[in-house]
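Each structure below appears as structure tokens.
Presented sequentially are two complexes of chain A, the first with chain B as partner and the second with chain C.
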Partner chain A sequence: MESIGTAAAPKQNFFARFWSNLKFTFKRLWERIRSVVMAVVHGSLATKMSFLFMGVGQIMRKQYVKGILYALLEVLFILFMAFFGGNYLFKFLFSGHLGTVQETEQVWDDALGQYVSVPGENSMFILLYGVVSLVVLVLFVIAWGMNVKGSVNNDRLLAEGKPVNTFKQDCALYINRKFYVTLLLLPLIGLTVFTVMPLVFMILIAFTNYDYQHLPPSKLFDWVGFSNFANLFSLAEGTGFAKVFLLILAWTIVWAFVATFSNYFLGIIVAKIINRPRTKLKKLWRTLLVIPIAIPQFITLLMMSKILDGDGILNKILGTTIYWLADTQYLSLLPRITIILVNMWIGIPFTMLMTTGILMNIPQDMLEAAKLDGANSWQLFWKIEMPYIFHVTTPYLITQFVGNINNFNVIWLLTGGGPADSIHYGVGNSKSTDLLVTWLYRMTTDTNVQYAMASVIGIAVFVICGLVSLITYNRSKAVTQEEEYQ
Partner chain B sequence: MKYKGKQILCAALSLTLCFGASIGAAACGGGDTSGGEDVTLVIWLPQEDRQYAEEVTEAFQELHPEKNYTFLFGAQPESDAGTAVLNDVSNAPDIFCCASDHLRKLYNGGAINRLGGALLNRLNNEIDADAMEAATLDVAGEKQTYGIPYTYNTYFLFYNKAKLNEEDVKTVDGILAKCSETEQFGFPINDGWYSSAFFFGAGVTYEVEYDASFGEVKIDTNIDGADGMAAARAMGRYARNPGFKGDSNDSKIVAGFEDGSIIAGVSGVWNLKSVEAILGDNMGIAPLPTYTFNTETNEQKPLKAFAGYKLMCVCNYSNVKTDALLLAEYFCNYDNQMKHFEMRSYTPTNKKAMQEQKVQDDLCCSVTLQVMANSQSAASVPTTWWTPLESLGNALVTGGGETTAEAQVKAAVEKIRKGV
Partner chain C sequence: MENIANAEKRREKQSHLGQKALNHVTDTVVYIVLTVMGILWILPICYMVYTAFRVTPNTGIINKLFPDNLELGFGNFGKLFTETDFPIWFGNTLKIAACSCALTTLFTLMTAYALSRMRFKMRKPLMNVMLVLGMFPGFMSMIAVYFILKAMGLTNSHLALILVYSGSAAMGYYISKGFFDTIPRSLEEAAILDGASQWTIFWRVILPLSKPIVVYTILTSFIGPWGDFIFVNVIINNTSPEKFTVALGLYRLINSDQGAFSKWFTTFCAGATIIAIVIGGLFVFMQKYYVSGVTSGAVKD
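After this line comes the complex of A and B, so read on.
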């Protein structure tokens, strides 16, 4: 990443930097397009031919292989659009609907002796292949641009009296000077196909009415604009999500905050205790604490949910019938606390291991100097060790916080989002310990699926996580005072 | 030369990166079958029915030697099948078993094939009319049948004859009188499917209005009326009784009979064989008991169970619909319903099978039919019904009493109602 904005204005905050970077990128893009267009207008016949038909200019310059490859690409693109993508792309971009022909009612077929229906259009395919075709179109435009630019370059080389590159020379270029392009090509394709396209598809679902009443292939779904987002903040009785969303958001934030910092500080304390010179059997303690990590998390969690059940071992031992994970009294306070405690049991060892390493790395001369000046151990911890640990681990804290916002495992495997209490549920069937992610998951697997609203909530989670990470990370000392410790 | 080696390494690494990304998407496939001689049929049914289904399909193959069938079984309990089918309709199994209360949703998702012609006539002749009614939807004034009912879907009382006699199990108070903290009465009060019995017994009703595509437009209920409140208070009272185990789901009831901590429990025929294996001759079954509706007058009201049917449905998107329809009908015919009865004690819906002496004499069948006779049809239960009742049950299980129950019902009714 080139960070021109940073160099120009180091004091700017993140958003201003982002904005200036964006402006710069667009300006550069525009200048490039302009220069190419000008070059074509003033260019040779070959360049003008390339502008119209890919590869022709290259063939005219005797770059046969390259020219044929470009021409082949154009033919493939035209075939793809004519027989497959064009139809979907048109419906997706211009028709304003995701299909108009719905599957018919089932009618009796005398010959077959059964009811049959005539299939209609499938909104899901229109959306999916629409996105795919759009990406293909964008890639094609880039290839076309490369083709034009190549011709313009050829013009320039000829004007300077130099020969144009042969195919061999071009290939050599991509394993030498432009080797980074060759390397990044495959990951780039992978990212586009397996990350960007599905993501765009999922985001677009938030703008449709894809739910249990509009399930393809038998029913069509359609664009509904921003109404799902309006619904998220609507208080309307029976359909508005605002109340439930805010309740769950509040618990998600509380959970993420408490879960992150309890693990963090208790982990540091445990590491400190084990690191004390007087502590015996250091290795044994560390090993014992690390055992929960060694077992797959979902197994420990499922085991915990059995242990903490109303009929679980814990109650048998204590001789009580406490519903550790199902008590709905006081806003389901007990399940919430239990979840945080179980999460501590799983999470503390990680922080402990990490801080043990950091504590061992603190320059001993600093500590000794402080001791000579008469600092007690408490002061050593708060004034030297803690700032040091905090500085090193801020990025870890941020990832932990975001990870906990999305901590599906702990919640789902311990309580399944439950217990149901009388304040939650309603729209989206939420339960008391649901995080936004478990709620989202339930919406997509429940009896009344609501894919569109689930997508909206997914976007909300993304925005929250994105904002939290960007703001805290950019304000953290690890970034702003990076050079101090180097 | 060294430089070149590094390049190759880099290229290999970037390749791996790419493959790593593609592995996730590589899992797919699915057997497309054409007509003709080779036919593959995918069937979803509960795990416990696997043995039964294998025997039935083997016999079916023998009946149709002109075709070469391959049967693929998927384990899916009837209660979840509807949801699972709707999650991916185009790849749904050819035949699946589901609870009749999912019928509207499956119709709405276009998942089920309508039955008609000679097949429907045969079914109407052979199968109990009430059961056929439960597989039928009223679409714009037209009766449309979408599944084949093969057994009843309801619940009754299991009890340990060594601890309770036939007189005890007539009332909840009678049962609880013999129960203690170590020998409990298991009633899953935190599951709306069961706890609703208190309300329906008291005369609580609900009413749902659907639009053309069976979306719920209006839901109303009188659960917060005087009867509903009295039923809720009774639930609260029982929940506080140390002999009453309110969170006893299916597996806890079986486990409870096993270790003796439960001496009576409410569950369904799906647990019959497991409980029988534990209690042997001491296993008793009975219709649901009555409960004390009003403590002052000692007025008793019956527990009125939710009742539905289990249906065998054919997917509308099956490419081998003709064979699927044949097999579904075969599964639900007289012979195979008798087989199901013998193997799993499932009460048949086939009229002739119901008349069989064996079936008539069977206690489980007669109890099932008695429960059915006084039950609440699960056909058009509002989708908003379940979670509020689960919440009510949770509050009672975790120590709430009569006042909690009343407050919970008042909260629940707001969530159940829609468009009123």
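After this line comes the complex of A and C, so read on.
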């Protein structure tokens, strides 16, 4: 794992590191801006021209293709802002509201002396296209900075008596020294469009009142500041989220803990048993366990939910009617246990496969030395193999834990979050085996959608996962620094 | 003196006998545990295959595991291919999986290579940003993705699905980067001495050496669309079953309305069995590459 910090001493705690990183970033940004300004002030005419309009300086230096491309980019940007983005960007950033005109209205126009139709606004589009335009603006500023910097570089080359790069040389740069730009361009565009922009949008939604009572275009939504976050911790009867949130949070943490460690330790034990020298038919046992995980989860889990149904085949065989996945007694204890057991069915084979690989890679000399000292196999396992496995799999454990906090499939396909009991049922239509993520999903797909609160929950999940990762990675790094096994 | 030596010998012999008995007991326990586990793990799958072949009684719920009027046959598979759109769903999924797999593999490997073998100022910040992005729940932004696709006029289309599946591929760079990190730098330096550009090194030196991880990336990204029904459910309109993927089609087959379960459960199992065979087969294939990739590849230097 790479360290989170780039410019800080390793011994500092996270917040100190975060703070010095932030300071470092701003310092660098400030230096960058200053250097651009200085370059322009002291620069040649070409640089000054590039500063005013992208590409002009390049054209003056006879870099025609590059210059025209830059100029074209600026023209496109101006057109985009003039005819589309600028309007949204202004409303999004400066108007303080997400639209004020509710629907198409008939407004009296004095100049014309008649009613005219004013098209309604849509908060959704203002927010979405506002974010898109903001991203376009940021990208444009970066391109513009590159344009100025390129011109400054040209100044330097000419001062040293060297010729400026031809277009061909520039292109050659992008498949060699700057190949990373070519490689990362498309992936990062994809990431921006399908992850970053939607995420920024959804985070902003958490500060609005976007829900089933404010669905644009018929009913606009607007900024509400931090009131959704206050609502998350409010105990107000009927609307406050605190009680249900804490209940679901507690179950999410308990679930993640039990699911992760049960699978982990049982998986290791199973791997140990199968890999014992005296166990025969190793391949058969392994294959039997692996078959269920080779099939897509939506099939295996749906089958399980039907088998464990009140009318399911398991009850028919046992001659009982136990609601394995729908019993609401004792805070829905039975469904919770069943879910964890079914999760073992899915999860143990994964750990088993992984541990099998690790057991083969344990440094043999360590085992031999311990055997010479008279250690029995029990001691060998607890004193040597287990610490080694634990050391190697710490990152795996952390990803598993975070993955289980977000384990949508198992819960949704087995119980759909249900059963609905009286304690949970209430705000956000929550149910008893809901994890935070399934609750979030229900809030965005239910008939009474609550996008704003769903976003708040999403941010809460992010904070939890982030904290877990930070704390554990910092701890595990302390272990790595001992370099016990390297 | 002799007595003591004899006593020690006797004790040793006893403990040897004890050891043998103990071994016997542990063996028995181990085999019992493994057999029980094997049965538990395989039974639900057996039940699925059994139901797929159960022509009568043709309901979701049966009262006995082997009802009196039990009749087995291929009827459900016939029903699956004639009365549902399963062949179309299968074709759709195949198309989507193939396209998104090509894009995802390319994006993942390109990102991994840039972050593993090249050094540039934004490298670490970029990795940190992706780490942070990965901690938000994936479908939190689903609604926004939907509206972005809508603005692009792409909703209810397979292109949208392909873009969504491969759009964030860059974030999955981690495993491939770990693999690229193990390839010795000397290879690259030799190639540079021969006048090779980074482009050539990527395509001609690194990728051929990374076959296991390339195959692994291809297979995992190919399998993804077969199991996803969350994004499909949002992007593909429920009223156009000819655009469904296998996962959405089968899911809706037994979940669309109240009577659907008892009417279609055996058919669902037939479809599930087909998918299980296809994806399970691929998985077995992948297993080989995965193990050889992670073990032999990583130790090669």
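Operating definition for what follows: the second predicted complex is superposed on the first by the 452 of 486 C-alpha atoms of A that agree within 3 Å, B and C clash if a C-alpha of one lies under 4 Å from a C-alpha of the other, contacts with A are read in each partner's own complex, and residues count from 1 in each chain.
Note that in this section a contact is a pair of C-beta atoms (placed from the backbone, for glycine too) under 8 Å apart; a residue touches a chain by one contact, two chains touch by 3 or more.
Since the structure is predicted, the reported quantities are computational estimates derived from the model, not experimental observations.
Novice: For A:P217, decide between first (touching chain B), second (touching chain C), both and neither.
Specialist: first
Novice: With both complexes superposed on chain A, which partner does A:L359 reach: first (chain B), second (chain C), both or neither?
Specialist: In the superposition, A:L359 contacts neither chain B nor chain C.
Novice: Quick check on the superposed pair: does A:Q329 touch chain B, chain C, both, or neither? Answer first, second, both or neither.
Specialist: The answer is first: A:Q329 touches chain B but not chain C.
Novice: Which partner, chain B or chain C, is in contact with more residues of chain A?
Specialist: Counting contacted residues of chain A, the larger count belongs to C.
Novice: Thinking of the overlay built on chain A, is A:W285 touched by chain B (first), by chain C (second), by both, or by neither?
Specialist: Once the two structures are laid over each other on A, A:W285 reaches chain C alone.
Novice: Considering only touches as defined above, state whether A:G238 meets chain B (first), chain C (second), both or neither.
Specialist: first
Novice: I'd like to know which partner A:N429 touches here: chain B for first, chain C for second, both or neither.
Specialist: It touches chain B, and chain C stays clear.
Novice: Looking at A:Y115 after the superposition, I want to know if it touches chain B, chain C, both of them or none. Which is it: first, second, both, neither?
Specialist: A:Y115: touches chain B, not chain C.
Novice: If we overlay the two complexes on their shared chain A, which of chain B and chain C does A:D446 touch? Say first, second, both or neither.
Specialist: Only chain B is touched by A:D446; chain C is not.
Novice: Is A:A143 touching the first partner chain B, the second partner chain C, both, or neither of them?
Specialist: neither
Novice: Can you pull the chain A residues that chain B and chain C both touch?
Specialist: 175, 179, 182-184, 186-187, 190-191, 193-195, 311.
Novice: Which bits of chain B are touching chain A when the two form their complex?
Specialist: It comes out as residues 7, 10-11, 14-15, 17-18, 20-22, 24-25, 82-83, 86-87, 89-90, 102, 105, 108-111, 113-119, 190, 213, 215, 247, 252, 255, 316-317, 321-322, 325, 383, 387-388, 390-392, 394-395, 397-400, 407-408, 411-412, 415, 418-419.
Novice: Quick one: in the complex, what on chain A touches chain B?
Specialist: 103, 106, 108, 112-115, 117, 175, 179, 182-187, 189-191, 193-195, 212-213, 215-219, 238, 310-311, 323, 326-329, 418-423, 425-426, 429, 431, 445-449
Novice: Enumerate the contact residues on chain A facing chain C in the complex.
Specialist: 2, 4, 6, 124, 128-129, 132, 172, 175-177, 179-180, 182-184, 186-188, 190-191, 193-199, 201-202, 205, 270, 273-274, 276, 278-279, 284-285, 288-300, 302-304, 306-307, 311-313, 316-317, 345, 349, 357, 360-361, 402, 406, 408, 436-437, 440-441, 444, 451, 454-455, 458, 461-462, 465-466, 469
Novice: In their complex, what parts of chain C are in touch with chain A?
Specialist: Checking each residue of chain C against chain A gives 23, 27, 30, 33-34, 37-38, 40-42, 44-45, 47-48, 60-65, 107-108, 110-111, 113-114, 118, 120, 123-128, 130-133, 135-145, 147-148, 151, 163-164, 166-171, 197-199, 202, 223, 226-227, 229-230, 247, 250-251, 254, 261, 265, 268-269, 272, 275-276, 279-280, 283-284, 287, 291, 294-295.
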